[in-house]
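Handing you this structure, nothing more for now.
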Amino acid sequence: MTSRVGKITIRNPLLLASGILGESSGSMIRVYSSGAGGVVTKSIGMEPRDGYRNPTVYEFESGMLNAMGLPNPGIEHFSDVISRTKAAGVFTVGSIFGGDENEFSHLAGKMEAYGVDAVELNLSCPHVEGFGSELGSSPERVRSVVGAVRQAVRIPVWAKMTPNVADMGSIAAAAEEAGADAIVAINTVRAMAISARLRRPVLSNTYGGLSGEAVKYVGLRAVYEIGKKCSIPVIGVGGVRSGEDVAEYLVAGASAVQIGTAVAERGPGVFGQVADELSDFMEREGFSSLKEMIGIARR
Amino acid sequence: MQGGNLRIVEIAEVVKESPSIWTIRYRDPSPSKPGQFVMVWVPGVDEVPMSLSYTGDEKGITFRPIGETTRALSELSAGDRIGVRGIYGNSFTRTGGEVLVVGGGTGIASVIAAVEPFVSDGKVHAALGARSREELFFEDRVISAGAELHISTDDGSKGHKGFITDVVRRLLGSGWIAQVIACGPEKMLYNTALIAREFGVPGQYSVERYMKCGIGVCDACSLDGRLVCRDGPVFDGDFLLGSEDFGRFRLSPNGTRIPV
Amino acid sequence: MTSRVGKITIRNPLLLASGILGESSGSMIRVYSSGAGGVVTKSIGMEPRDGYRNPTVYEFESGMLNAMGLPNPGIEHFSDVISRTKAAGVFTVGSIFGGDENEFSHLAGKMEAYGVDAVELNLSCPHVEGFGSELGSSPERVRSVVGAVRQAVRIPVWAKMTPNVADMGSIAAAAEEAGADAIVAINTVRAMAISARLRRPVLSNTYGGLSGEAVKYVGLRAVYEIGKKCSIPVIGVGGVRSGEDVAEYLVAGASAVQIGTAVAERGPGVFGQVADELSDFMEREGFSSLKEMIGIARR
Amino acid sequence: MQGGNLRIVEIAEVVKESPSIWTIRYRDPSPSKPGQFVMVWVPGVDEVPMSLSYTGDEKGITFRPIGETTRALSELSAGDRIGVRGIYGNSFTRTGGEVLVVGGGTGIASVIAAVEPFVSDGKVHAALGARSREELFFEDRVISAGAELHISTDDGSKGHKGFITDVVRRLLGSGWIAQVIACGPEKMLYNTALIAREFGVPGQYSVERYMKCGIGVCDACSLDGRLVCRDGPVFDGDFLLGSEDFGRFRLSPNGTRIPV
């Protein structure tokens, strides 16, 4: 089940998605022990942020919405979390968000110094003004942020894409040109929940991001579409809940996947379960390596 | 997804349990067990975790107004609407023998629902502690359940003067207690757990942490790799006393590890 | 339950969405008899089109994907369908798609001549090259198409929006400026399904559009967001399955809604059922008119 | 959504029923009734509606290779994979008395699964018609079910020479038949329905229309406001004979109303 993402080798292709249990070393170590190939931290910014008031999540049958508001302790306070997590042998990707290329470069440099294995640029948070989506929907800005980070660090740079644009392919292509080592897709889909009986939006921030089963087919599309425009690896995210879901992402062209919302449904043990399901699938279908599966739907 | 989808409920009744303690009752037939909690949304204000002080079809939450949300809650009346999500978390479980139920302050709200079902399985001692008699509540529920009531107040205005842990130590000293369950301020829980360990009595402790999602995704409530919202809020004493965080560290809303 | 969309009055706010049972007069009359306030026809183009090969749909628990490929008999053959439908007293909106403003104007003129009550411009089909999304993701092109149609006909002009863009609000604003009488949102979300066991995309067109419950929260967000930028009425579409869903859309700012995928789930009878559920909701909540509900979540 | 989600199945067996008729069997425990159909996806080719000729756990579809998809189907072997969605549509229902089951050409595939369950409710006559003996199939299933077999071929190579409707007229003339069910070319169905009406016998007819979605959204299969995929494929004679379209019009793949 060894998985390769560019120059990196991971013990399996199932990573914890950013923003899910990625704030404390205890949780990240636990996720890794439960069978994940590695973890992506919560997105970390320049300053401590409490995030939005509750309600910050809304659940429904086939997914959820969240508008956490990028709560994080700030990069200065995150060194301890990374070193504890790395000390436990966990493959750790540091996710960062910022307002411009200077912030991103600074954050990436810090993450590298703390010891992460790769850095993931959150260019795509759909519900925080100034960070995320606005930035991630402009090929020029994506190019300049990725380019700056590329200069600033030696570790692999992953660019995480928003699906809330007309053409994900050309934004991913801009990231590749600027030196990204991999594309991560997708972040959540911009959405909102309303309570008719309370006559108001549910999330304190009004807008939030849709994730879970409801976005699986958007994520698959993104991976497939980006794969047509880019030659760097693509990491699939969105609605992965089972080994067969992972297989769909691999077949669509993903080199690895990340799992977020399914952690709410199936608990942190989801990683081991999905890994077993994936092995069973590969055995039944006669695949002996992930490589044989990756992108065959595109051939 | 977890079946804890948001429900908008009408408040059936607001009960003032004492000068500083309120109970809100609302109809919600979702099955629930003692120790479990809900996320309570006060529209326009905030959403906070609250233990179920009543677990039947007419659910209840019991709280002291200490901040914006709990104050807003205390100002609501029958007919007003709130949102609830959950039922979340694990619950207290009866392991046999005589049980000592310990509630400190609003922690009483979380353990009280265990007293009633537990008496049917054997003798129950309920030790309730508060700063003063005005902050005590649910003594009547203990008595009518047929459990033995023990009281302490910091100021001695009722029952033992001093800490509830003094009462705990005395009761455990009797040698009859086979199980402890407790909820209250972390300091008190910590000391209760230490005393129980000293006497070799297994304990279950309901811990509070800042919560955002309530469903095990945001990591806000992390306690040494366990999630209070999902793996807890009830943990056993061995885990807690062995952990780095219990009684010492918690995460602030921005995720910084700070002293409890 | 009378509903007003600009100058138009409809007997209730539940319209059949375009592309669902909107090809034959028999089906449209049936939908109207089952309680719909009116119908929107399938999107009609200049020439007959067979659409894509099957599989053209993919169902899953909380929604479906489709890539029909805009099958339609062509505008010249559609006069009979409209006249039969109108003869039965059905409030009928003619949906059209084209490659440029000339085609749209021609199609709208024909629809007007056939007797439709309004024309809906499909600026948003996510899976047919050259029509739809590409056009609908450019404010300039939307402005020119809507402007041209506005000149060409007297009946109300509705512009249907794609959610596959970074900023729906400014595209809707362009449509309003150009003279649209209402905005319809959303069309489907670009997506795809993969069969891991067959190692290939399921839909013959590879890409398709996501609809149903999975997109309800995207539709609500679109209506709310557009309502902030536009003062013309917004018609909500996406995942409406119950009276409470309709209430959510109204409260978010929709003047009326359209129902598509729920017709597969609940049958054409869904309109009468949803209308009943909506009345019950209004009665329980003490609303005596739709007007009282519309947009209260925005206040 | 309708529970008819796509399943990828492995072909268990390919049976050549006659020189021009194939049956494909595959395991699929979905509950189904005689007259219902599935959408069969031949990867890389197309997806088409097919009646279930076997409705048990090992389902079957039976077809004549007439175009690209049915030809591709006939070239598959055990172990090959196809996609199926459904079970879709309504079914034939037994209303009592002696029943006449009429199958013309591949229409036999749709009615055959009704013969076996119907015999347990009373006498069943099965009238199978084809162009020639090479195109006849499932006679053995009629016989082993204990139904009475009637045959016609256009060329007289087996049974009555002429149309199956001649056989239908003769059998209805006996006065014993209380119910007709039929599937076959629309002309034949139309004539069967006319004859049954003449004798005052209620009938259920399985109609074919071009299908895309199979789930009642695309309107491709519309027949006078009814959807063959969802309200049908089985309709009663009164509706059909009263409709404008039956025996006369259908929709082409682009939705133009054209002669049948």
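Labels A, B, C and D are assigned to the chains in the order they are written; within every chain, residues are numbered from 1.
Assume a residue touches a chain if its C-beta (ideal position, glycine included) is under 8 Å from a C-beta of that chain, and two chains touch if they have at least 3 such contacts.
All figures in this text were calculated on a predicted structure; none of them were measured in a lab.
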Cα centroid separation between subunit A and subunit C, in whole Å?
33
Could you tell me the distance, in whole angstrom, between the mean C-alpha positions of subunit A and subunit D?
50
For subunit C versus subunit D, what separation do you get between their C-alpha means, in angstrom?
36
Centre-to-centre distance between subunit D and subunit B (centres being mean Cα positions), rounded to whole Å:
65
What parts of subunit B, by residue number, touch at least two of the other chains?
none
Multi-partner residues in subunit C (2 or more other chains touched) are 60-63, 195, 197, 200
Graph shape for the chains shown, where an edge means the two chains touch. Line, ring, star, complete, or other?
line
Following the definition at the start, I'd like every touching pair of chains, please.
A-B, A-C, C-D
Residues on subunit D engaged by subunit C in the complex (per definition of touch)
1-2, 4-6, 8, 39, 41, 43-44, 46-48, 81, 83, 85, 212-220, 222-227, 230, 245, 251-257
Mind pulling up the subunit C residues that touch subunit A in the complex?
60-63, 65, 133-134, 137, 162, 164-167, 189-197, 199-201, 206-207, 210, 213-215, 217-218, 220-221, 224-225, 244, 247-252, 281, 285, 293, 296-297
Contacts from subunit A onto subunit B in the complex sit at residues 19-24, 26-27, 29-30, 42, 48-51, 53-64, 66, 68, 71-74, 77, 80, 195, 197-198, 200, 202, 204, 212, 260-261, 263-265, 267-268
